[in-house]
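Handing you a structure now.
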Amino acid sequence: MPVYSEKVMDHFMHPRNVGEIENPDGIGEEGNPVCGDMMTFYIKVKDNRLEDIKFKTFGCGAAIAVSSMVSEMAMGKTLDEAMKITPTSVAEELQGLPKNKFHCSNLGAQALHKAIEDYLSKQKAQGEKKE
Amino acid sequence: MRKVYLDNAATTPLLPEVREAMLPFLGEVFGNPSSLHDWGDTARQAVDAAREQVAVLIGANAEEVIFTGSGTESNNFAIKGLALAQQSKGKHVVVSAIEHFSALHSARTLEKWGFELTEVPVDKYGMVNPDDVRESIRKDTVLISVMHANGEVGTIEPIKEIARIAKENKIVFHTDAIATAGTIPVDVKELGVDALSLAGNQFYGPKGVGALWVRRGVRIMPLLDGGVQEGGRRAGTENVPAIVGLGKAAELAKASMSARIKQLTPLRDRLLKELPASIEHVMVTGHPQNRLPGHASFCVEFIEGESMLMFLNMEGIAVSSGSACTSRALKASHVLIAMGISHELAQGSLLCTFGLDNTDEDVDYMVKVLPPIVDRLRQMSPLYSKFIKASKGGK
Amino acid sequence: MRKVYLDNAATTPLLPEVREAMLPFLGEVFGNPSSLHDWGDTARQAVDAAREQVAVLIGANAEEVIFTGSGTESNNFAIKGLALAQQSKGKHVVVSAIEHFSALHSARTLEKWGFELTEVPVDKYGMVNPDDVRESIRKDTVLISVMHANGEVGTIEPIKEIARIAKENKIVFHTDAIATAGTIPVDVKELGVDALSLAGNQFYGPKGVGALWVRRGVRIMPLLDGGVQEGGRRAGTENVPAIVGLGKAAELAKASMSARIKQLTPLRDRLLKELPASIEHVMVTGHPQNRLPGHASFCVEFIEGESMLMFLNMEGIAVSSGSACTSRALKASHVLIAMGISHELAQGSLLCTFGLDNTDEDVDYMVKVLPPIVDRLRQMSPLYSKFIKASKGGK
Amino acid sequence: MPVYSEKVMDHFMHPRNVGEIENPDGIGEEGNPVCGDMMTFYIKVKDNRLEDIKFKTFGCGAAIAVSSMVSEMAMGKTLDEAMKITPTSVAEELQGLPKNKFHCSNLGAQALHKAIEDYLSKQKAQGEKKE
């Protein structure tokens, strides 16, 4: 097996926040199955905070653990705070990732950011509509 | 916990008889076969006896068998050595698209050295069409190499037909028989090949040893220069214990081949039938009939191989996958891709290979353990939820 | 009959601790280190532990150690791989005239591939003069390879000085330390080399395994293409038991090196003194002081090596010779010839190499047994009778 | 060890007719120490027959056995008969020689022939002197 930390194994075996959100405020998808890893993040936003986060992930053990960890790290955070989560900070929280796993499977932060951007652009579109 | 090793294509355990045969050579009998004294003589006689055993396995003359350090070395030696020895005649080489990397990458190294390379395609079963080989032949073709069977999808190739085409065109033909020698009947005369690779750890022999058989009269450049061991064709102090083990494994394989095939085939057939029956959206890869006796391979849709392997490992089951994440090169299996399988589907590649230690209970266990794992991963998979939505939408 | 093995330069026996370390990997622990399951994990961890043990032996970082299938493979890999990786910079290579054939013939293969080769001479002790290396350097020199010690005459070369010259000229420097690593202190930093070969069967480790250390940042082309084992630099399923054995042998060598040197040196010194004292017309070959601890080599005038070895073997003594008849290439040792020893004298080459099993009684036995054998052969020798007649005539 | 027949080993360990002949009728030398094998044959001739043969040999086990065997095969033969001894017939008498030993060490027949030729040319020279 790849040499995964205890934390990675924990999140792989017991991933937090797996699922989808009906009528989410934002959706972000990153990666593609050609490379072997793909993640979809769903978010609910309230008062500029991530009230709920769910994800679905196709990929290796690291990809699943990363998704779970990102959802946990971001839960309840303000959007600004969540945007500051980086692949490196996720890997650190996970007690490290194998070198060759860093780039392909560490897409969680990007997927979350995409979901937030999706939310923000929808907000902006709505704001424009309202105007 | 039950422990089920279903990864015999990766490597097989040593048979106790093989280990017994090797042990003296890790002890009292330690001489260098090149040495001119009793210690050397005993070692050399053991190496020669093993050479005879390997020759018998493949229907060859002992002096045509060259011991190497691995299947990979045999393939490198064959492809580079046979091409380089003939480069004055031409610089075009033909291989199949599904060769093992040790053959394929050797051929690509030849490209860097000024050779031209044609990679012959395969059909959806991973089968090479001999006509495609015929069409790939040019005036300057000096070497054709097509594997006897593919270790990832189990498909057995029509080597006899391809060898005949090579012969008609007076082109040297090598086959990588690493997945077949010791497993199914391999006879160099019947196959009609000029060179053939095999490896010990594929049929209950040791790691660290392989062999290349080269028909007398066919020229080959050494890959390892140095002393005149192995008739000057492969230098280096012989790995005596491993060579002895390979010889013993060859002898045992020859003696019990049909019994082994009879043991493995029903296990394979059960799994090929029962896994797709117990899990939706599972396809068998490789040829439905012309496949290695212990070889069952699949693609499980919507999920990725590594996470499947991890959960199976937690249940005590060892298998392989050709997914990108499980390859250390992080690319989906070139074999599956060459068969026209999509990258997405290739990620769910699952390879179960039976060995002499496996039983019907192992099949039962696998068929029991895998469905909930697949289910669990699919519940997490965005691809699966898209599929479900799309099929619901379609209804 | 007394059995005395004095051919430890050819190969050493396995230490019992090494065998013990290997045995589990010939049994239960049979996985392929590349496999993604417990079987694979256990094997991979064992390989990594061995890599660390080898790294410690030579003062290197573990990730810079590449396992190979033999010392010969390490040398082929180094010489061809380092030269090919740099061919855009230049195509001139320098080696010493007394390199082992695995290095020398690799360099000559490079010549066939369009490289130019300079073979630096040695003095009568088989010693390379660093100034000769300096003078051999050209603008297009990309690789220098000089062995750390010669296995035939035991001479230890001034590697530090040569490495310094290579460094001053920004040329990659490889040393074949197969005769020294595990036998005398070898530290890659202290030596200042860029790449270093070693082999298990030279220091009570197994056959079929070697290692090449390459300093991080130094580029090398693989010799064996295929999978991405060994960081993509050496393909092929790892020979796990042999690698584990090499690791254990390295650990033991590191721990007891000075004790071993203290054991072997007096035996060597006795033989170097007593054989020439008990037989007329015997000369010591190689350097009188700067030589391997267990290494005693001679030329016995007027007789030929093979017949000497045969009679010694009948008395239970195993030694080697560099005579033409004892080489399977039927040429007198290129090492002795490069040292300026005549072909005639080189035929009487005699190489006695001590190991941990030898005792003072073995020296006694050798010194007792050899004189009558030499006498018997000289009585048959036309060269000896000519010499006697000439010296009588001269009186 | 090279794979030597019993006969080779016997002649190697107990070589027949080793030595020199004082005032020989012919001397023949073949090979040279550079190649590793050298043989000197001494003969005594009486009534056109090889009355005595002795040799000295520098060389490998095969070279010594070959010399011994040649001396035994030729002893008592007429010169014509002795000239018919060939490397192949010697190797056959020795129950075979290893392939790589055939050429270098199988110089005994030639050395004997040279000794006979030496004798004949001396005879001829004497005959010419007498005339």
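Letters A, B, C and D mark the chains in the order given here, with residues in each chain numbered from 1 onward.
Here, contacts are C-beta pairs under 8 Å (C-beta built on N, C-alpha and C of every residue); 3 or more make two chains touch, one makes a residue touch a chain.
Because the structure is a prediction, the values reported are computed rather than measured.
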item: Whole-Å separation of chain centres (CA-atom averages), subunit C against subunit D; value: 40
item: Whole-Å gap between the CA centroids of subunit B and subunit C; value: 34
item: Centroid distance [mean C-alpha coordinates] between subunit D and subunit B, Å; value: 57
item: Junction residues of subunit A, two or more chains touched; value: 1-2
item: Multi-partner residues of subunit B (at least 2 other chains); value: 36-38, 40, 306, 309-310, 313, 326, 328
item: Chain contact graph, described as a line, ring, star, complete graph or other shape; value: other
item: Contact pairs between chains, per stated definition; value: A-B, A-C, B-C, B-D, C-D
item: Subunit B partner contacts - residues on subunit C that touch it in the complex; value: 5, 7, 10-14, 19, 22, 26-27, 30-32, 34-40, 68-73, 75-76, 100-103, 105-106, 108-109, 199, 201, 206-209, 223-228, 235-242, 306, 309-310, 312-313, 317-321, 326, 328-329
item: For the subunit B and subunit D complex, residues of the former touching the latter; value: 36-38, 40-41
item: Subunit D - residues contacting subunit B, complex; value: 1-2
item: Subunit A-facing residues of subunit B, complex; value: 302-304, 306-307, 309-310, 313-314, 323-326, 328, 330, 332, 343-344, 347, 379-385
item: Parts of subunit A lying in touch with subunit B, wherever the complex brings them together; value: 1-2, 12-13, 15, 18, 20, 29, 33-40, 56-61, 63-64, 100, 104-105
